[in-house]
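Report on the structure given below.
Chain nomenclature is as follows: A, B, C and D, assigned in order of appearance, with residue numbering initiated at 1 for each chain independently.
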Amino acid sequence: MPGSTFGTLFRVTNFGESHGPAIGCVIDGCPPGLALGVEDIQPELDRRRPGTSRHVTQRNEADQVEILSGVYEGLTTGTPICLLIRNTDQRSKDYGNILDTFRPGHADYTYWRKYGVRDPRGGGRSSARLTAPTVAAGAVARKWLRQQHGTTFSGWMSQLGEIAIPFEDAAQIPLNPFYAPNAGIVPQLEAYMDTLRKAGDSCGARIEVRAHGVPPGLGEPLYDRLDADIAFAMMGLNAVKGVEIGDGFGVVAQRGSHHGDEITPAGFASNHGGGVLGGISTGQDLVVRIAIKPTSSIRTPKASIDRAGAPTQVETFGRHDPCVGIRATPIAESLLALVLMDHALLHRAQCGDVQLATPAVPAQVPTQTPGAAGG
Amino acid sequence: MPGSTFGTLFRVTNFGESHGPAIGCVIDGCPPGLALGVEDIQPELDRRRPGTSRHVTQRNEADQVEILSGVYEGLTTGTPICLLIRNTDQRSKDYGNILDTFRPGHADYTYWRKYGVRDPRGGGRSSARLTAPTVAAGAVARKWLRQQHGTTFSGWMSQLGEIAIPFEDAAQIPLNPFYAPNAGIVPQLEAYMDTLRKAGDSCGARIEVRAHGVPPGLGEPLYDRLDADIAFAMMGLNAVKGVEIGDGFGVVAQRGSHHGDEITPAGFASNHGGGVLGGISTGQDLVVRIAIKPTSSIRTPKASIDRAGAPTQVETFGRHDPCVGIRATPIAESLLALVLMDHALLHRAQCGDVQLATPAVPAQVPTQTPGAAGG
Amino acid sequence: MPGSTFGTLFRVTNFGESHGPAIGCVIDGCPPGLALGVEDIQPELDRRRPGTSRHVTQRNEADQVEILSGVYEGLTTGTPICLLIRNTDQRSKDYGNILDTFRPGHADYTYWRKYGVRDPRGGGRSSARLTAPTVAAGAVARKWLRQQHGTTFSGWMSQLGEIAIPFEDAAQIPLNPFYAPNAGIVPQLEAYMDTLRKAGDSCGARIEVRAHGVPPGLGEPLYDRLDADIAFAMMGLNAVKGVEIGDGFGVVAQRGSHHGDEITPAGFASNHGGGVLGGISTGQDLVVRIAIKPTSSIRTPKASIDRAGAPTQVETFGRHDPCVGIRATPIAESLLALVLMDHALLHRAQCGDVQLATPAVPAQVPTQTPGAAGG
Amino acid sequence: MPGSTFGTLFRVTNFGESHGPAIGCVIDGCPPGLALGVEDIQPELDRRRPGTSRHVTQRNEADQVEILSGVYEGLTTGTPICLLIRNTDQRSKDYGNILDTFRPGHADYTYWRKYGVRDPRGGGRSSARLTAPTVAAGAVARKWLRQQHGTTFSGWMSQLGEIAIPFEDAAQIPLNPFYAPNAGIVPQLEAYMDTLRKAGDSCGARIEVRAHGVPPGLGEPLYDRLDADIAFAMMGLNAVKGVEIGDGFGVVAQRGSHHGDEITPAGFASNHGGGVLGGISTGQDLVVRIAIKPTSSIRTPKASIDRAGAPTQVETFGRHDPCVGIRATPIAESLLALVLMDHALLHRAQCGDVQLATPAVPAQVPTQTPGAAGG
């Protein structure tokens, strides 16, 4: 689907600008009969919400979601679900200095070249704030996938700037603001961020997300492969510049004798492929990694031009995330859920419910260490 | 578009199996009035054709394309263009041993889990042979983009297995079977491949592709961003496990003060972003890198199961590429062309011809060293 | 596009239920730079609004539209335009008696069979109230088409129940509640409706809509023809059971020597085809007629079953239109505008702006009497 | 889907020109495991084939279909099915006189205005010959629907020119060249056609098609209703100018007390609605009627212009159908099958297999006289 709609059958149409009256989305194609309330969606929104630690933007957006349609007496009716989030904390004056100039690394220049007109308030349409409706829709997909197929999702930060974060303990992920699966490294991460913030600079991050309990058979080759759609979803997230599935760029130096995951009667013996073969899910965990660039909105002055083409200097004083990657984990999980949801419906359309329900051979990797993906 | 159709407005529908009567595609939505003949398409097919050196599969497929529709007196009519390639060299007996077993790393298992029935001859639908129609369609897109916008494409191998290939001279690329931009390293690559082939093993590769002379303004955020569609296209190519745009995974350890490309009245001062900001083209070169896994069809025996779930050993004796990455360069270029073609039409639909035609400020990077993308 | 989205490039996603918190739509793909405000949309909503005469439902819905996104400083930005209409007059108790029974002629039964769950309040999703967002989106399309191509729309009632309404004077259409192009017949129509209302019954209607100043060349055969999309749009309007283009069912008894519209250097000599040949617009007026069935919500008792399958009687006491056709004219005009808008963008995508701008031969019928369509 | 692709999930992409090397289609999204061979498709093609009586064009097209992909050992594999029909009887010289002029009532003018270039041989892309791939694809849909849901199709001519054809006996339909359900009227039809042919003129026709055994619940409101898609399909067929569902234009003069089909524990008591309520199938027979205009290619001279805009006279001497409606019955049945097929998959995607399989209340009309649709 072109433009602001994500998905072919579970279609999420995103609308809104950072500092307009509201943002939100319409989900069309959701299966009927799913128990759904604000309490299913709000927790996911709260996970990505700004203002929760000193390491993210201090904007205080409540991000309170309202269900305007598609749910009756607590059940989805199969008709479009409109989710609305009113914008509350809009200090547009913070952005006054970017009206006529193009911030380096930002979408200011390209939106202007494409449309000839743009809403500059808070980045307008290109703001990371527009990931909130994606997360809200993802919460609906997650609930259906969990109930229908037992599919669950996890995600964590595996690198912050130059600091690699070894995977130690999944239970630590929700206990620190970085989604780090490693309690011991958190002080180092905090010190790193404090230094960065004082310097008026920003850094990148690497995030890993996984889906567990994925039905085998999802994916629509030749072109609309599961891995292709995952790459589409992830690269479409603000600031992402790289996507890996399974061993990712590690495969370049591998041999075929090492890479091809052997199959045993008890399941796959390894997961170099990351849960996809020929564009179709194997039933193993889906393993995805993304590279997030450093925030472009920094206090350090950079050269740019104004709309008349004259040279100028830009520095940004708004309340920005010094590392957008910090809040990216729940968003990336949501995107993965949206891709799987759409493919679950696509598969059911063509092949029916039967095959998903009756796996004839074991499809799960017997042991699966979350941090050992690159192995 | 789901399944075997690529693109929203320039739509390529791919059909065929490796060892069926024919493969091909239907291109719907091509602008009318484009001069088009077999001579525009065949050279691109010949670039990806097997059997051209000892380092690729020795299957001898002529890959002769026939235009069945959509062209009248040498001009496209705006109606669907059917391109047909008859299969000629089909030694199905080579594949007899894979009828009932699943080759590790192959799509055998997933196609069987998805559809319950599969054409095993030569990999059937999951064969890399099905990239030929993609390349044929890409040739049409390339011609239109070159004529309409002056857009051109280049690609090369930047790593083969463990061997990094420094970019030295673009003129060398077509002169060796590896698409290596470096004449001096070719003997080393040949020796590497000979060793690998004798060992019955395979290796991965990294390919870089670029588009030059890209109009600014292409891309349809929020979701259907140009970079998202590039990632979709590239990750959907057989054996690809990673995609990078611009500095790719290099951004993780970068600072914002370094990453954001400054803009001067003479153009962008660098290209860390790889030609996309906010999902929309900047007018700079598009810079894309992909990681290709080692071929799964190897002579080395590997553990697997048969359709009854019993353990077995699989070794593949067919005539396979020991490195599918060697033939990937022209395919990746074609995919990039298909993405740009579709986005050029999408942009024209919404915003008209005018903006593309009248760039108000310089959008080109003044100097652009192809090999220095990661800088 | 499936489900609740209308259009391929100018995409209108409709959401909401009759008695939920709100209804509305998201328009994605609107060209940027269009001057747009509530004042462009509200008048069209007011034309279809109930409560404006004693011949339509007495529900008093303000239908006040709010623009939530996609417009900045009075101009469309090219990003999704969310239009929201809060529901204000929801007397759900009026509908209590239909919770467990299926009203004959209504969508109650089919929604229940499809989704297993339904919102019964005021017809829920199947209410004619959901045409309001369509009309709102149509107003945007109308403005763009008028500015870009000079295209305008007209519509009127040509039959009410058994009473044919001869076309006399287009100026009369907005001056009576029936959209009748004939002042003299209005008293007869009013008496007819009064009798019907007292009898607790309802009647059908025939509506004619036209587009004037249509660019030639719109339509995407083979399947996505302009006339096919018009039929899709019109038959998709609540209560429509028949669609005609040009001479419609009159062609069955015609001869080819009569039907084929002759072309002269001054333009087409007649318009039996209704402005479409081979699925593509000729540049003549588009001529469309629709048949609207009598309202199913009537006070006359009818046999039905309840959800347990037991026989029951249904009579409906809510405030319903005794002839839904009376308010259909502005809706049908809006649907025609949405179809043309989408095809104008589709055509521009494939063929560019040039052809539309430079008609080489006259494409307009020199004289065009609105009421003489069947001629 | 835009252009030459029909359907959202069961997608038929049509290609070819009347006098090019071949015509055909690619079906993507077909469920796997369906037994399919040429013998399933060829009989339907033979039903629409020209040259079978003196009342249709005497072109002798064998219309022999070839399956190029998507079927392995007699079963569909779930991958694209390419169906190819080589053109054999192409007397292009017959069409020499239309190269530079526009035949009144034909698509010559509009294709030229849209694309600026056109293939004039035999009408090129706008030829009724291009319905052959539609019929071939329809045969696949029919087989699946019959096996999966017991759905069958019927169709007949109900009027030829001025002659109404009373429905008497369905068994007669395949026994005469007109698809007339009435043996007694055939001599009158033959005499009518002979007179018309001698006069060098043509006439229109009305065709009725029905689907029996339709699962309830098919249709995707708000916009993508089942009736809307039927109207799209039918109005998109060459020469169709009107579409009715159920009582069609008869509803205008009906009362609500008459129209709304009562429901009894034994099923619906009548079928004024034609099997659709609120855009969703009821489980009753689908009842559709179409109006087909008289063939535009006639020997009678008509005024037109040439490409330079100068006045000219056009008469057409090719071998044309004097009534295209005669061959339209199998095509209209095929289109209805394609619509139902796509909606069966769309419904299964969103709502699963369960509801279709377990109807809780009777959904079939107890008695159903095919000819009594307008009742």
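Please note the rule applied: a contact is a pair of C-beta atoms (placed from the backbone, for glycine too) under 8 Å apart; a residue touches a chain by one contact, two chains touch by 3 or more.
Because the structure is predicted, anything quoted here is derived from the model rather than measured.
Peer 1: Can you check which chain pair, B-C or B-D, has more C-beta pairs in contact?
Peer 2: Spelling it out, more C-beta pairs touch across B-D than across the other pair.
Peer 1: If I average the CA coordinates per chain, which chain comes out farthest from chain D?
Peer 2: If we average the C-alpha coordinates per chain, A ends up farthest from chain D.
Peer 1: With chain centres taken as the means of their Cα atoms, state the distance from chain B to chain C in Å.
Peer 2: Centres of chain B and chain C (C-alpha means) sit 45 Å apart.
Peer 1: Could you tell me the distance, in whole angstrom, between the mean C-alpha positions of chain C and chain D?
Peer 2: Centre-to-centre distance between chain C and chain D: 26 Å.
Peer 1: Quick check: how many Å separate the C-alpha centres of chain B and chain D?
Peer 2: Between these chains, centre-to-centre, one finds 39 Å.
Peer 1: Return the residues of chain D touching two or more other chains; collapse runs of consecutive numbers into ranges.
Peer 2: 1-5, 9, 14, 29, 32, 78-80, 114-116, 125, 221-222, 346, 351
Peer 1: Quick one: which bits of chain B touch chain A in the complex? Just the residue numbers, please.
Peer 2: Those residues of chain B that touch chain A are 1-6, 8, 14, 102-107, 109-111, 113-116, 125-126, 130, 159, 161-162, 196, 201-206, 216-225, 227-236, 238, 240-265, 269, 272-274, 276-283, 291-298, 300, 302-305, 309-311, 346-347, 351, 355, 359-363.
Peer 1: In the complex formed with chain D, which residues of chain B make contact?
Peer 2: Answer in residue numbers: 1-5, 9, 11, 13-17, 20-24, 26, 28-29, 32-33, 66, 68-70, 72, 75-82, 114-119, 121, 124-125.
Peer 1: Touching residues of chain A toward chain D in the complex: what are they?
Peer 2: Those in contact with chain D are residues 9, 29-32, 78-80, 221-222, 345-346, 348-354.
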